[in-house]
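Next up: the structures, one after another.
Consider the two complexes below, in which chain A is the common component and chain B and chain C are the respective partners.
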Partner chain A sequence: MQPFEYASPTSRSEAVRLLSPRWGETEALAGGTDLLGLMKDYVCTPKRVVSLKRIADLRGIHLVPGKELRVGAMTTYRELTENESVRRHFPVLIQAIERIRSEQLRNMGSIGGGMLQRPRDWYFRLGYGLLPEKDGQAMIANGDNRYAAIFGNSGSASWVSPSTIAPALIALGARAALYGPRGLRVIDLDRLFTTPAQPGEREHTLRPNEILTEIIVPHREGIRSAVYEVRQKEASDYPLVLAAVTLELRGRSIRSARVILGQVAPVPWPSHEAESALVGKTLNEETAEAAGEAAVTHATPLSMNRYKVQLTRVAVKRAILEAA
Partner chain B sequence: MKKKRHSVRQGEQERAGVSRRDFLRGTSVAVSGSILVGEGKALAAPSDEVVGPGETPVVLHVNGETKRLNLEPRVTLLDALRDRLDITGAKRVCDRGECGACTMFIDGQPVYSCTVLAIEAQGHAITTIEHFSHGGKLHPMSAAFVAHDAQQCGFCTSGFVMACIAFLKSHPNPTLEDVEKGLGGNICRCGTYAGIREAVLQAAQAMTAEGNGGAIHG
Partner chain C sequence: MASCKYSWPAANERHLIGKRISRIDGPAKSSGRAKYTLDINLPGMLFVRSLGSPYAHAKIASIDTSEAEKMPRVKGIQLMKRAGDEVQWAGDQVAAVAAETEEAAEDATRKIKVEYQELPFLVNEADLNHAKTAGRTRIATQEKVGDPDKAFADSDAVVHEGYYGIPVIVHCCLEPHGHVLQWTGPQNLRCYSSTQSVSTLPSVFAEAMNIPANNVEVISHYMGGGFGSKFSMDLWGSAGAQLAKQTGRPVKYLLQRAEEMEVAGCRPSGFARIRAAAQKDGTLTAWESDCWGTGGPSPSGVLPIPYVLTNIPNRVRNHTFVMTNIGPARAWRAPNHPQACLLTMSALDDLADKLKMDPLQFFMKNADLAPENLGKVYREELQKAAELAEWSKYWHPRGDKTPGHLKRGLGLSIHTWGGRGHVSNCQVTIEADGSVTCELGSQDLGTGTRTVIAIVAAETLGLPVDAVKVKIGDSRYPYDGSSGGSTTVGGVSPSTRRAAVDARDQLFAAVAPGLGVSAGQLEAVGGRIQVQGDASKSLTWKQACRKLGARKVQAVGKNPGECMLGSSGVGGAQIADVTVDTETGVVKINRMVAAQDCGLIIDMKTAESQVYGALIMGVGYSLFEEKVMDPLTGRMLNPNMEYYKFAGIGDVGELVVHMMTGPGYDERGVIGLGEPPVISPGAAISNAVANAIGVRVPSLPLTPERVLAALEQKGEMA
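Moving on, here comes the complex of A and B:
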């Protein structure tokens, strides 16, 4: 690991002041489960690390019933799973977190850090950047792409967005509060994620001297939700494909639906096709299967990941049936 | 800075005794200098203070003892304990927060110590596997590992035992399925999982029978 300066401010304004307006010079440290590994591998080589652990108002869980759940970005996964309000009103979040099958990671990892973890792609982790190219050719499309994207993968950034919690949060309509030198801005959580197109761009719309301070999840009674992961193994690992679903029902009829896919695109991938296949239909196995089929209509698998198309069909169908 | 570092090291050695590791490293034990006291106070620095990239005073509370040392901010908790304090029960294997061999408790909760900066562990109670062995008497979990042949090369063992102790704190009467799901954060490349599962189930029974589940501190 390259030596670095370390600061542990106690306020968000100090933290922002200590962060550089340019990427690469400084890094904000949350739970550390991703950043430290990136630094050991010299993928990230900040001159200064700004720890967010001592900023008290970045922690905590507050439910305003019927309105929203506010979760401080430094709240750990463990704290979320131990919170009675979250357990009662947002079981899909508990479901998603409990599939992080490592007690150690749940104790260390924070909800904000989870959103901002970097791609698990091996080209990126080996130092080829977010747009890995060789002789003008996209390395992922022409290389070992078994875990790569099957949607949104036309450029060289065809790795997958790693967070297994973001799809469920986006399906719930969550927003993200970002704090920077010019104050606070609140964006829809899906807008935090982007596919970099130019060298120097990141996969998050967070600015280099901004910090993620809070996740805000609308609370509405009667929303059904589930997340379904297709996994290679039950022990701690990233899933191969994930589908998060929220449904609003009237009787057995689906009034509205959100279907967000994980591990299939460089961003959490909203499946408008699956959503359209659900709205107005009766919730049953046939509908769920049709939605799974619709979800993959526009899939563009690479040479080694066609299997993910079938896993996506299945994940969507099973998430819908579990939500029902 | 050099003189200060030596004096701190000497302080460490006086507390820990001069170990084989220190001897082999050839560290000067004879350097004179007083033990720095009250270094912990220096850590309550103004919140906007930036330290490093060179060494800076760090105070760690390990297994009930206070350890003062000088570390660069980049040093992980695992490396500080293994390389500077000779607390080597936790193992450095993947060093990326994936395998679990470095599992320790911070404030009673298991964490990957390879993925915690030592400087960030200040002010917290750190517990390592050394805490669970007293005068050669094995903790019921370690004893169950022996009884069920739950190790081969042994590199994962201390981390696994720590994870298992933590697991039983939250699951005092686990099913086999609970054990399989609950220990996903540790890997044994020798593949002794069957033995480990048996060991956890037996330790759960032994500890419930002895009523000493509450005696397991983290």
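Moving on, here comes the complex of A and C:
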């Protein structure tokens, strides 16, 4: 691990001042479950690490019933699962978090850090960068891509977005509050994620000297929701594919739907095809199956991950049926 | 068997042997008091990190360490390769740096400049033609018995032909490989080593360091697993000893997890095209196999197929070695057997299906094709396993016809192993304070060796287990064999028995006159020395020992030695019960059943533990494990415990272990157990999946991807 300076500010403005406007020079530290490993492997080599632990107003869970849930970015997964209002009103979040099958990760990992964790892609983790290339060839497309993206994968960044919580939050319509030198901005959570195309770009739209301060989730009664993960293992492991679904029903008829896929694209992947296949239909097995089929219409699997197309089909179908 | 002086006590005289006894070092291990090599920290100790090659195959043009030497806190650098040397796998170590902190050592390795000339590499051997084109194959001698051509051509023969495969995997010992090395004098080296070979390692270090072997002390009190990969000093042992010498300070050189997985050993792969034939009644008549596999840059062993049922009357076997850059092969728990078992038992299970025969009946019928009269053992074990797995209730012909996407299936497999006890020397000392000490230059890899020694000594002396102190894991104790090939318990139990009997008899001789009897009339039972048949004439153990005065009783027992206390050759049958989700290809284990023999069992609890552990390891390599090699760079892509997937407790299902004991088993004496139960899970699980979904998934691990591909090929994907 390269030597680095450690800063532990107590306010968000101080934190932002300590962060460099250029990527690579500084890193913000939340739960530490990802960054420290990346530093030990020299994948991240910041000169300064800015801990966010002592900034009190980055923690906490507040529910305004009928309006919104506000969760400080440094709130741990464990704090979320132990919160009665979250358990009662956002069961899909609890479902997603409890599928992180590592007690240690749930204890240490924060909701904000979870959104901003780096890709698990093995080429990235071995130090080949976010756009891994060898002799001008995209490494993922030409190498071992069994776990890689089946959507949005035409460039070199064809790894998958790692968060298993973001799809559920996006399906719930969550927004993210970002704080930087120019103050606060609030964006739709799905806008936090992007696919880098040029060297130096990251997979998040967060600026290098901004911090994620809060996740804001609209609260509406009567929304049905579920997340379905296809996992090879019960023990700690990332799912192969996941689908998060929210449905608004009138009787058995679907008024509106959000279907967000995880582990299939460099960003949490909204499936408009699946959503269109649902709206106006009666919620039943046939509809769910058709939505699963629609979800993969435009899939572009790579040489070794065609099986993920089938897994996506099934995850969408099962998430819908579980939400019903 | 009671006619010989050292014989094992008869069943009705065993107070400890064969009972469920908790391991004596359990509290030390679970409380953290037990110090493993990784826990050894010495004053002034330096930390070593190594620089590995990023290329799978390259020639080293030059190595420049000048910048690394100038790094802060760096105290020494050793080259492990020279200019002109070739590296044969990615991660192969080039240089080692000793520094005052782990971080400083790691940082300095990155300042070493190595120029490589890249050479062509091969890391994928599943495609044999590709390997042939690359000039990376060597053909082993064909082995042929009978007339297979004629047998296959027989009009009555039912013939099955198939392709099967099992990939390269790694050991991933919980405790990584390595040593803490300390020069205690100019010519004296102390090695705290994570090793399966305490007694033989000193001579290896001695030769490398050019010092007398008796000046080397190897210590391994506790160890976090070896599985066949920790017999040697290794590159890191010699480089570490040099660094300790060069710096004048102790050094700690344990491999990092990624390094462990890249360079510390591979289980060779096995792929085969197999033809097998039987008569319509199921009698096996012919076998033909074209097999290949890789164990890294050198040829590895020829896989022993057909496995177990070796006496198929007409058989021919071809084997092609594939030389690759995947890393070095090392013995992996039952070398060559899990591969041979998967290839053979899958093909025979497919043949049974073609015969429309219940595989249980098929294997029962053919069990006598196994050597060494194991046929009876297999039939008994298959019967027992079938009963515990509820075979008659849950087995069905191929393809679960239950509606829906969840399909359940059962599969079985049988295996064999030798397990004869190795050379062992045990010194038992009884002193006037009543203390009993057993000393052996053996080691406990985590299997329960220490406990077994204590049980044998305590049983022999009529004492409770905790009255015996066991000293192992130090090369200053009497020479003992390496722990490999399931030879340890079969080695240390007889030597301890012989030593304890002799020590006991000396004690009898010392106390007999006082009791007014001859030594031969005494027995040691229930913590007393008493006259046989007359408990009124007795001494407590402590009273008896006090009679020794300043003398102590000491005896050395050897293995091999007088009286038959052990033998070799075990069977074993396993049944897997699985559920497959045919929409996702995910396989779940419902239950694993193992019926296992190993002669006379010393500690039922640690014996069962061995089998539980083997089943867990077996589920891991059947469903998850694979050394994934990058076709572009030749590097291992999953040198971590995230993408090199292991079974967790939620993945292994219910584990049912039945140890075969009693007449027909006990009188074979002690036989090793470590290896046999890990052999069958691959085949049993693969057969269970085929039974569930109605089609063979040809290669392990049985990932969703492979299961879905097999279903798709069959045209039955949901």
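List of remarks:
What we mean here is this: the second predicted complex is superposed on the first by the 324 of 324 C-alpha atoms of A that agree within 3 Å, B and C clash if a C-alpha of one lies under 4 Å from a C-alpha of the other, contacts with A are read in each partner's own complex, and residues count from 1 in each chain.
The rule we apply is simple: contacts are C-beta pairs under 8 Å (C-beta built on N, C-alpha and C of every residue); 3 or more make two chains touch, one makes a residue touch a chain.
Just so it is clear, the model here is predicted, and its values are computed rather than measured.
Within the superposed three-chain model, A:Glu248 lies out of touch with both chain B and chain C [touch as defined at top]. In the superposed model, A:Arg231 makes contact with chain C only, not with chain B. Once chain A of one complex is fitted onto chain A of the other, the partner contacts of A:Glu68 are absent, as it touches neither chain B nor chain C. When the two complexes are overlaid on their common chain A, residue A:Glu322 makes contact with neither chain B nor chain C. When the two complexes are overlaid on their common chain A, residue A:Gln310 makes contact with chain C while staying clear of chain B. Contact with chain B, but none with chain C, is seen for A:Ala7 once the two complexes are overlaid on the shared chain. For the contact definition in use here, the residues of chain A common to its chain B contact set and its chain C contact set are 1-3, 101, 234-236. Remark: chain B residues 47-54, 56, 72-74, 76, 95-98, 100, 103, 106, 109-112, 114-117, 119-120, 163, 166-167, 180-182, 184-185, 187 touch chain A in the complex.
Against chain B, in their complex, chain A makes its touches with residues 1-11, 14, 17-18, 29, 32-33, 36-37, 39-40, 48-49, 51, 53-54, 78, 101-105, 107-108, 234-236. Those residues of chain A lying in contact with chain C across their complex are 1-3, 42, 101, 120, 122-123, 125-126, 134, 137, 139, 142-144, 146-147, 230-238, 240, 304-305, 307, 310-311, 314.
Listing the residues of chain C that touch chain A in their complex gives 103, 106-107, 110, 583-586, 623-624, 628, 630-633, 635, 637-638, 640, 642-643, 645-651, 703-705, 708-709, 717.
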